[in-house]
Amino acid sequence: MSSNRELTMSSYVGIGIGLMVIVLIEVILTYQHLPTRTLLFSVLSLACLEAFVAIMYLMHVKYERPLLFWTIFPATLFVFVFLCYIWPDAFRMFSMRLLQ
Amino acid sequence: MSQSAIAAVTHHEVVMEASPYAMDKKKLGMWVFIVSDACSFAAFLFAYGYMRVGAPVWGTPFGFSSILNGVVMTAVLLSSSLTMLAATHASQTGEKASAGKWLGITMLLGTIFAALHLREWFKLIAEGWRLFYNPAGGAAQFGAAFFSVTGLHLTHVVTGVIVLAFIARGYRQGRYDETHVETAGLYWHFVDLVWMFVFPLMYLMNAH
Amino acid sequence: MFAATAEKNIFLGVKIMPATAAQAAVHHAPPQGFIRKYIFSVDHKVIGIQYLTMSLVAVFVGMALSWAMRIHLAWPDAHIPLLGWLSPSGAPGGLMTPEYYLSLMTMHGTIMAFFVLTAAPLAGFGNFILPIQVGAADMAFPRLNMSSFWVTLVGFILACATFFIPDGPPLSGWTAYAPLSAVGSVAGPGQGWGQNLWGLSIVCFCIASLLGALNFIVTTLDLRTKGMTLPRLPLSTWGWFIDAWVSLLAFAVLLPTCLLLVLDRLAGTSFFIPSGLVINDQLQPHSGGSPLLFQHLFWFFGHPEVYIIILPAFGIVSHIMPTFIRKPLVGGWKVITFAEVAVGTLSFVVWGHHMFVSGMSPFMAMVFSVPTLFITIPSVIAVLVWVFSLYHANIRFDTPLLFSLGFVSLFISGGIGGFFLAQPSTDSYLHATSFVVGHFHFTMGLSAIFATLAGFYYWFPKMFGRMMNEKLGKVHFWLSFVLVYCVFMTMHLTGFAGAVRRYSALVDDFMVPLIPANKFMTIAALLLGATQFIFLFNAIWSRFKGPKAPNNPWDATTLEWDTTSPPPFDNFGGRQITVYHGPMEYDGEASVMQTSPAESVAGT
Amino acid sequence: MAGKIFAVVVALITIVTAYCVIAHVWWMPVDISVHGPKIDHQIEETVLVAGLLFIAGQVVLAAFVFLYGGARNRIKQIPGGAKPLIVFAFLLVGTEIVALSFIGSKAWGAVYFEAPDPASMRVDVQAGQFAYYFRYPGPDGKFGSLHPDLINEGNQNYFGLDTDHDADAKDDIVTAELAIPVNKPILLTLHSKDVGHSFYARELRIQQDFVPGLNIPVHFTATQTGRFEIVCTQLCGLGHYNMKAYLSVLSPSDFDDWLRKQASMQ
C-alpha cells in the first residue's frame, strides 16, 4: 500500500500552516466590505483550493494511483454541478414571492 | 504486514485479481463513503444557499468574537488533522506506542473543537436564536440552516472521536492494524475538509 | 515492506490481498447455532435471501393495497371487511374514505418503490449472486452488509407500523410533496405521526442503501478472483456495479432531504414551508421556505431512483438471455454496458421533467427536456441489442427467458410513453393523468418485476438446490403478461382523455364516462394479483418438494453455476477459482464455463 | 410452440393498442384556446414518431421470437455486429428527438415565453383545500393586498382582504366560478392559500401547479363559448378528487351582465 512516506512530518506541518494562512486570508476578506457575491466567490474559490490541497496531500491522493482521483472527483463534482440546476428557481422565488 | 494478515495468508491462500487501486479495501470503502457523504453535505449547503437567495432580508448575526472563535476552532481541527497524520505515520513505521499517543492527542483536539463549537451554539441560543426564530429580524432560516449544517458536522466530529477511540483500543490490543488507523485517518481528514467549506459559508458569510 | 510486496505482486499482474485472505480465513469455518446461521448471519447468501423474503412480503402487501384501491375506484360503495378491521376510522364498516384511499396509495407507492423494486433486484439478488459471480468468498464488508439488511428491515417495519397507529398512514403520496407533508397533522389525517414514521422509515432505507451500494462497489472492484478481469464480469454484475454507483449518489441526496423534512415537521424549521399558509383556518407559524426546493431535492434523487430500479433489470436480463438463446449478445459486453453507463449518468440531469408544470422556471423546462429525450438513445441501443441478439438464435423457452422477453416487450411499450412526458408541451396536457401512471408502471414497475421474476426462476435452483415447476411458471408468465397489458395499456389510453390520477372517486363530468374502462382495469388487476399466488405456491412448494437441482441446470457459463446448489458457506469450498473466458461463451448446444481452460467457442 | 404463441400475443397487443390510439377511442376534448392547436399538433407528431417505434420494436421482437425458436438454427450474429444498431439509434432516434424538441420548444414557448398581452384581463386565482376562488379587480382595476391572517371561511373572506382600510380591496369581486369573455386575452395569477394545488383545464390545454408562497402567472385566450371543468391535479389532501371549479367562456355582453350580477352580490 503506497503510504504517505513520500512526505515527511515537517512538510505536513508546512501544509497545515499554509491552510491556516488561507483561512486567515478569508477572514481578512470578510472585513473588506466586499459585495456579498464577490465575497462568496472569493471565499468559495479559496475553500476549493484548501480542499484540493487537503485531498491531495493530507489524504495523499497524490501518492495513490491516478485512477482513484479519476474515480472520486468526477462522481462528486458531477453531483455538485447538476445540483446547481436549482438556482434559477431560487432567484425566481425572490421575484415571484406572494407576500413581499 | 500485520501478524493477523500474515497468518491469514499462510493459512488460506486466495489469489485475487489485482485491486485496480492497489489499496486496502477498507480504504477504498472509506473513499466511496466520503464521496456519498460529501454529496449529503452539499445538499444541506445547497438548501441553505437556496433559502438565502430566496430570502428578502438575511440577517448577519456574527460579531468578531464569534469569527475569532471560529478561527480558533479551525486551527484546532487542522492541527488535529496533523496529529492524525502523525499517528498514521507512526503506525506504518510500526511505532505502536507513539501511534497510540498521537491518536489520543487527536481525540483530545476533536473534543476541544466540539466544546468550542457547543460554546458558540449556547451563546446563540442564549441570544434567542432558534431553529425557527431569528431575534435579529430577517429570515428565520438562519437558525435552521446554521444549526442543521453545523449540527451535522458536529455529529461527524463526535462520531469520529468515538471511532478513533475504538480504533486506538483495538490497535493497542493488536486486533486492528495500520490500515485501520489509516482508514480512520481518511475519515478524520474528510471531517476537517468539510469544515473548510462550513466555516466560510456559515460563519464568514454571516459576519457583520 | 508490506507496500513492497503489494507493488511486486501488482507488477506480476496478480496481487495477494492479505485483508481479503484474512476475511476468507475468518469465514472459512461456518458459524454454528441457528441464530448466527440464519438470523444475524454475515453470510451474503443468507442476507440475500433475507432481502428477497422481505421484498416478497412487501410486494404482496403492496399488491393487496392496489387491490383495495382498484376495487374502490370501480365500485365506490363496495365494502371490504378486512379494511374495516384494519382501520375502523379509515374504512368504517369496510367502506373506504377518500383520505384512506390516499393513505393506501401512498403506502403502495412507498412499499413498492423502495422495499420491493429497489430492494429485491439490487440488494436481494446482488447480495446472493454478485460475490459468487466475481469468485469471492463473501462481500467486502460482511458485518456492514448484515447491518444494512437490518436497517432496511427497521425501515420496512416503520412503514408498515403506520397502518396500526391511530393516525393512520400518511396521504401525501410516495413523493411526499411539501408543504402537504411538512405542516403536520393540521393538513389531514395521517399527516401527524403517520408522516413522521414515513420520514424515519425512508431515512433508514437511505442509510441502508448507501452502505449496501458501498459494499457492492468495493466487492466488485477488489474481490475479483484470479483472471476475472472487468471485461469478463458477467453482465448482471455490471448492472449491479453501475447501479451501486447511481444509488450511492442519489440516496446521498435523499437522506438530507428527508432529514430536512423531518426537521420541518418536528423542530419547526421552515425549509419547505412558505410564509402565511392558512390551513383549516389556522395561520401557520412557518415563514420563508420553498416547496420547489423540496421537489428539486426529491427528484434529484427521484429520477435516478427510477434507473436504480431498472439498471439491475438490464443486467439480469442481459445475463439470462445469452444462456437461453445460446449465443452472445450483439456487441458483447461493451455495447450493453456502455448503454447502462450512459443511462445511469444521464439519469442525474433529467429530474426536471417531473416538474414541468410545477412552477419551475420554463427555461429550465427546456434545459431538462433535451437530456430527457436523449436518454432514449442508450435505452434504444439496449433494446436493439436484446432484440437483435435473437437473430439466428437457438431459443430455449424456459420460464426465465419468457420473463426476459416479457421485460423487453414491456420496456419498449413503457419507453414509448417517455416521448410524451419528456416534452414540456405535451407533458403539460398529460402530466398527472393516468398516462403517467401507466408509463411508470410499465417502465420501472412491471419491467423491473418481470426481470426480478426472471432472475427468481433462473437462480432459484442455485439458491435452494431445487428446481421450480416449469408448467406453473409458464402459466404464471402468460397470464401475467397479458393482464399487465390489459391494466396499464388501458391506463395509457384513458390518460389521453385526461383521466386524472390520485382521485379516490371519479366524480368529475369528464371522468364519469371512464368508469367502464376503470371497471375493466380493476377486474384485470384483480386477476393479475390472483395470478401471483400461482408463483407464490410454486416457490414455496418447490422450495421443499421440488426435484433436486443439478449444479448447472441451464448449461450456463458463469461462476455461480460452477459450484454446488446451494453453494457451500465460502461459495467454492476453498477451491482456487481461475477465470479464462468472458461470460457469454455460447454457441448453440456448445458452451464453455468461465473457469474452464478449454478454448473459446464464441470468440469472446 | 411457446415462441409462436408469444409472437401472436405480442402482435395482438400491438394491433389493439394501435387501433385504440388511431380510432381515438379515448382522446383529448376539442381545444378552445389560441395556443392549443400547437400542443395538439405536437401530441400528434409524437404519436406518429413514438407509435412507429412502438410498432417496429414489438413486431421485430415478435418476428425473431417466432423464427428462431428451437435448436435447429445455425448460430450467427447480425451482419456488421452492433455497429449498425448504434448508428441506427443515434441517427434515427437522434433526429426524431431533435425534431421533436425543436418543434416542441415552439409550442412550449407559445405558452410560456410570450409575454402576456398588456391589454389582457387580469383575474386572481386562489386555490385552497378544496376549492378555487377567483377575484376580479372591480371598477378601479386594482387588486386589494392579501392578509393571510384575515382569511376566514366563516365570513367568506376567502382571500383575506382588508375591506375596512384597503380602498383597492373594497370593490374586488370574489367568485367561485371563473367566467371570462371569449376571444379576450386573459392573465391569471395563481396563488395557493395552503398546500400545493393545480389548475387543469383540459379544453384550454393548460395544466399549472399552484406553488404555495409564489404568484404564478398564466395567460391564454379562449376561442369558444361554453362551460368547462377546471380540476385539481396536484395531490392536496382528502378532498383532492372533488376539488373543481367551472370555467364559463361567455360572449362579452353576457360576461358584463355576469360580472355586474356578481358585484351586486358582494
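Think of it as A, B, C and D in the order they're written, each chain with its own count starting at 1.
FYI, a residue touches a chain if its C-beta (ideal position, glycine included) is under 8 Å from a C-beta of that chain, and two chains touch if they have at least 3 such contacts.
Computed from a predicted model, the values in this text were never measured in an experiment.
A.B. asks: Looking only at C-beta pairs in contact, point me to the busier pair out of C-D and A-B.
C.D. replies: C-D
A.B. asks: Please work out the Cα centroid separation of chain B and chain C, and write it as a whole number of Å.
C.D. replies: Here the centre of chain C sits 33 Å away from the centre of chain B.
A.B. asks: So the centre of each chain is just the mean of its C-alpha atoms; given that, what is the distance between chain A and chain B in Å?
C.D. replies: 15
A.B. asks: With centres defined as the mean C-alpha position, give me the chain B-chain D separation in Å.
C.D. replies: 48
A.B. asks: Quick check on chain A: which residues sit in contact with 2+ other chains?
C.D. replies: Those would be 1-3, 5, 75, 79, 83, 86, 89-90, 92-93, 97-99.
A.B. asks: Touching two or more other chains, which residues of chain D qualify?
C.D. replies: 146, 148, 213-214, 216
A.B. asks: Return the residues of chain C touching two or more other chains; collapse runs of consecutive numbers into ranges.
C.D. replies: In chain C, 2, 6-7, 249, 252-253, 274-276, 289-290, 292-293, 297, 300 touch at least two other chains.
A.B. asks: If every chain is a node and every touching pair an edge, decide which shape results: line, ring, star, complete or other.
C.D. replies: Contact pattern: none of line, ring, star or complete.
A.B. asks: Once the touch criterion is applied, which pairs of chains come out as touching?
C.D. replies: Chains touch in the following pairs: A-B, A-C, A-D, B-C, C-D.
A.B. asks: If we count contacts the way the header does, which residues on chain C are in touch with chain B in the complex?
C.D. replies: Touch list, chain C to chain B: 1-2, 5-7, 9-10, 13-22, 24-26, 28, 137, 140-141, 210, 213-215, 217-218, 221-229, 248-249, 251-253, 255-257, 259-260, 263, 267-271, 285-290, 293, 297, 300, 574, 576, 578.
A.B. asks: If we count contacts the way the header does, which residues on chain A are in touch with chain D in the complex?
C.D. replies: Per the touch definition, chain A meets chain D at residues 92-93, 96-99.
A.B. asks: Quick check: in the complex, which residue numbers of chain B touch chain C?
C.D. replies: Going by the criterion above, the answer is residues 1-2, 4-9, 11-22, 24-26, 28-29, 32-33, 35-37, 39-41, 43-44, 46-47, 50-51, 54-55, 130-132, 139-141, 143-144, 148, 179.
A.B. asks: For a test of understanding, state which residues of chain B touch chain A in their complex under the given definition.
C.D. replies: Within the complex, chain B contacts chain A at residues 20-24, 27, 31, 34-35, 38-39, 42-43, 46, 49-50, 53-56, 67, 71, 74-75, 78-79, 81-82, 85-86, 88-89, 92, 179, 182, 186, 189-190, 192-193, 196-197, 199-201, 204-205, 207.
A.B. asks: In the complex formed with chain C, which residues of chain D make contact?
C.D. replies: Those in contact with chain C are residues 1-3, 5-6, 9-10, 13, 17, 20-21, 24-29, 38-39, 42-43, 46, 49-51, 53-54, 57-58, 60-61, 64-65, 68-78, 81-82, 85-86, 88-90, 93-94, 97, 100-101, 104-105, 107-108, 111-113, 128-129, 146, 148-149, 151-154, 160, 193-196, 198, 200, 202, 205-214, 216, 229, 231, 233-242, 244.
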